[in-house]
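Handing you a structure now.
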Amino acid sequence: MSTTLSLDGRPIPFTPGQTIMDAALAAGIYIPHLCHNPDYAPHGSCRVCMVGVGGRLVSACTTAALDGMTVESNTETIQSTRRSIVQMLFVEGNHVCPACERSGSCQLQAVAYYVGMLSPHFPQFFPQRPVDASHPDFMIDFNRCILCELCVRASRDHDHKRVFAVSGRGLASHLVIDSPSGLLGDSHFAASDRAAQVCPTGAILPKHRGYEQPIGQRLYDQAPISVVGDLRAQPGGE
Amino acid sequence: MGEPVDSKVQAFVARSLGLYGQAPEYLLQHLIAVQQQFGWVPPTAVDALAAALDVAHAQVRGAVAFYAFLHDQPRGDFDILFSDNITDRMLGNQRLVGLLAERLGLGLDAPRADGRVTIGLTSCTGMCDQGPALLVNGQAVTALTAARVDRIADLVEEGVPLERWPGAFFRVEDNIRRRGLLLSNPATDGASLRRLLDGGADAALAELERSGLRGRGGAGFTTALKWRFCREAEGGDRTVPRFVVCNADEGEPGTFKDRVLLTSYTDLVFEGMTLCAGVIGARLGFLYLRGEYRYLVPHLESVLARRRAEGLLGKDILGQQGFDFDIAIHLGAGAYICGEESALIESLEGKRGVTRKRPPFPVISGYQDRPTVVNNVETFLAAARVVQWGGYWLRGEGTDQSAGSKILSVSGDCARPGIYEYPFGTPVHRVLTDCGAEEVQAVQVSGAAGTTLAPAEFDRLLAFEDLPTAGSFMIFDRSRDLLDLVRNFAAFFAHESCGFCTPCRVGTALLRNLVEKVAAGQASAHDLQELRDIGAVMRQTSYCGLGHTAPNHVLNTLDKFPAIYRRRLRSADYSPSFDLDAALASARALTGRDGVADHVEEEA
Amino acid sequence: MLSREVSDVSAKPRVATASLCGCFGCHTSLLDIDERILQLVDLVDFDRSPLTDIKTVGDCDLGLIEGGVANTENLEVLRAFRRHCRTLVAVGACAVNGGVPAMRNALALRECLEESYVRGVGVYHPGIPRDPEIPLLLDRVHPIHEVVKVDYVLPGCPPSADTLWTFLTAWLSGQPIAFPYTQIHYD
């Protein structure tokens, strides 16, 4: 039995058990995503990877590929829906790209470029979130956290430390750190942790390094994420 | 209540650990106990529980911050939460909140300086047929009047412990107005269990299949199929533990029928759970009871104890060797999302109630990743009767796709709010006539997440194929401003979104803000289009049913009652997203300036 | 050569620009179109703009707004632009989402002002200024689309000269406005 799905009209082979996202990535076709990272179990929370299947939208990262499935991804309607979701992420936090060291090599920004976002569109929430600079090697700027839980998963499943968790609910959901003081510096977090490397935005950043590569010459300054892929796929990435 | 001494907290946690054990699944139950005892969850308790249960501090704090009834700051000795469903509002709860706050001299959500009392609002407490209602230290008080609130203020000021408050305050009536197949007779002697033991699981499943019974929680999945999937999960390996969970997290605003079933049809509910256990091979079941109904716990525990004594629960049920099953009651703590079955399972495991990825469905991988049946209270009751009296008994009523009857919780503008049981396929207008509703402007079927009906639709049928419903039926007469409904529901969903996925987490907040903008007379036609667009994105892309249905009330009323929005529009085109003049208030205060130039005029 | 249909065929389109709560970096970027500015002045007339020093905005075809909305003067200018400009463009990060000035939103206005005028290093006569000529501050800095309807958006801090040129030439010729990948960036 051949196992093939059709993605925007292109036949894509897959192995049973793979998700639509797995199949697309293996075939070198980009479906935008933020909470997904092939090194960790699918999460399905950011909703950026929505694709059309049978007249409905489903998240490519959590939906099993089925033989003969017809999947729509790169249509104007779907891009527009994804754009709204990315805009929601932008207004929910404080994403000041000109003041962020990750700018140009930030997946949130790159995905926003990919879906054609020119402005955040919605009213900004302007939440007030203090920065945690208590750790000697890393800082956390919660203003840039999009709750993808990649650091939570990496710390739990790879580093076996459980340094991060999500607390609260609704719009008050927020990343917390497992230490008596709640500060990163008092936790078991180390610069060598996988959790230090997986953040798709500038929320978890190394200290003592700044703008080694000038703005304008960075990964996504040159080419879209649909061509160059995620940060993890880059030389020097995790 | 102020800071309790650490040793007291530690001693209490130790007692709680002795009672519930050290399984991490019991974290939430420990936290609820601590909250009840101290009026908050002090850091000492967080430390003690994290250590004893071997869970991360962050997980404990995360749970405290997730559940609305848990607090990391002290509440008052009397923690009073007014139910704030739209039906409570229609019965004048806001005036009563104001009255009590004025009498006690405090605002909302901050304890009074002496630590005596806190007043706050909470989502629907399931007393819509006898509201306005409140919870005081978790206990339900119904039928509030100005006089009752006045008396409560006295009791609080005098520091009278709850046990000595007038019993009438805590009386909860069943208000059963119309009995059908299920409500006609609460009595049972274990007949369905005998049928199971006589005929075997396959025969019982065959009766359930014949009956066409579908889940009564709203989604309508075929019960026989769910039980069969669970029974056959893991290749039918009988050594794999299975679980039965009764979803009594009746959180949909306007629903209260499970409250009545758990009060007066308790044996049938437990019998249905036991039956399910017998069919799927479970030895342990949970009744997940919403925190608002904690007043039912002593009653439920006494029925469980009696059933154990009668051989209907526990070891060797009805003398059948190896038919072992028992039921534990787990409390929720103020989280609507936990009515969703996978979030409920997370909560049962002591975690934040965040929806799980599906598939796998709970029948394959539920509680502790084991095969688990989760059914609504009413479904278990119906299942017990189906196996007792046969599938055709249920088929005798209802429609082809919706066999049997549905129990409705009727509230709002009508002469006789309460519980009504109808055959599926009953038109909406029949219910309105029976409950004495007049001059009806709108009916909200199936709760805040359901459908808003205009009079032209009152001949629609209550059935899975037309108007599926979990039972909530709220009525609004012509004197009501339906934007109040929209505001109430929009605030409800923003409060209850679990926050896991982007469109629901952010979308519910955006909708709430836009609806408030409309209410303030500040919105434009652009904002109405925004409401539609955001609603469409939430419907299409949210992770679970909460987000899919959260915009329903906005989208329904925009279509069916456009005037409630249009008559408040400030501009046909565009208007600012915030109040410009109010945004200058802090600068005016800081500079002492208050001239004409220090204010902003609205533009037409 | 570029052309544009306007109601009065003899008149060139009028363009106004203003910087609200910004750094004039976007205006500087406009000047970075270098010699193309000679083409531009052939094609359009500038109305109110730091480039002309005209202080009030008249009826215009295009208004370019740099900067977010931080005080009463910003509000007044922005509303005047919206009234007078047929097409209004948010130019640059601050106009688009508040940008760097909006980082003050992390603090209450009192904290901001006290840090600057009371506790700050080198403050000689501490006290929050209350001169009525100073525009009153909003409690938060807002992007301009939160106050008025915006027709086009050019992100960037600043948008590059090429981005601005792409926009202007497309707009002047009535072509759909589209940018190559490298011309859209938020930083």
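Letters A, B and C mark the chains in the order given here, with residues in each chain numbered from 1 onward.
One rule holds for everything that comes next: a contact is a pair of C-beta atoms (placed from the backbone, for glycine too) under 8 Å apart; a residue touches a chain by one contact, two chains touch by 3 or more.
Computed from a prediction, not measured in an experiment: that's the story for all the values here.
Asker: Quick check for the class: compute each chain's Cα centroid; which one is farthest from the centroid of subunit B?
Answerer: The most remote chain is C.
Asker: Is the number of contacting C-beta pairs greater for A-B or for A-C?
Answerer: Looking at A-B and A-C side by side, A-B shows more C-beta contacts.
Asker: Hey, how far is the Cα centre of subunit B from the one of subunit C, in Å?
Answerer: Distance between chain centres, rounded to whole Å: 49 Å.
Asker: Please report how many Å separate the Cα centroid of subunit A from that of subunit C, as a whole number.
Answerer: 31
Asker: Give me the residues of subunit B that touch two or more other chains.
Answerer: 577-578
Asker: Hey, what residues on subunit C touch two or more of the other chains?
Answerer: Only 140, 142, 146 qualify.
Asker: Using the touch rule from the top of the page, what residues of subunit A touch 2 or more other chains?
Answerer: 123 - these are the residues of subunit A that touch more than one other chain.
Asker: For the complex, which residues does subunit B have touching subunit A?
Answerer: 47, 56-59, 61-62, 65-66, 335, 337, 352, 357, 359, 494-503, 505-510, 513, 530, 533-534, 537, 540-543, 577-578
Asker: Please name which positions on subunit A make contact with subunit C in the complex.
Answerer: 90, 94-100, 103-104, 109, 112-113, 118-121, 123-124, 126, 128-129, 143, 215, 221-224
Asker: Give the list of subunit B residues in touch with subunit C in this complex.
Answerer: Where subunit B meets subunit C, its residues are 526, 573-574, 576-578, 580, 583-588, 590-593, 595, 597-598, 600, 603.
Asker: Taking the touch rule as given, give the residues of subunit C at its contact with subunit A in the complex, in rising order.
Answerer: These residues of subunit C touch subunit A: 90, 93, 96-100, 102-103, 105-107, 140, 142-143, 145-146, 150, 153-155, 157, 181-182, 184-187.
Asker: Please name which positions on subunit A make contact with subunit B in the complex.
Answerer: Listed in rising order, the residues are 42-48, 50, 56-57, 59, 62, 64, 81, 84-85, 88-89, 91-92, 122-123, 125, 146-147, 162, 164-173, 176-180, 182.
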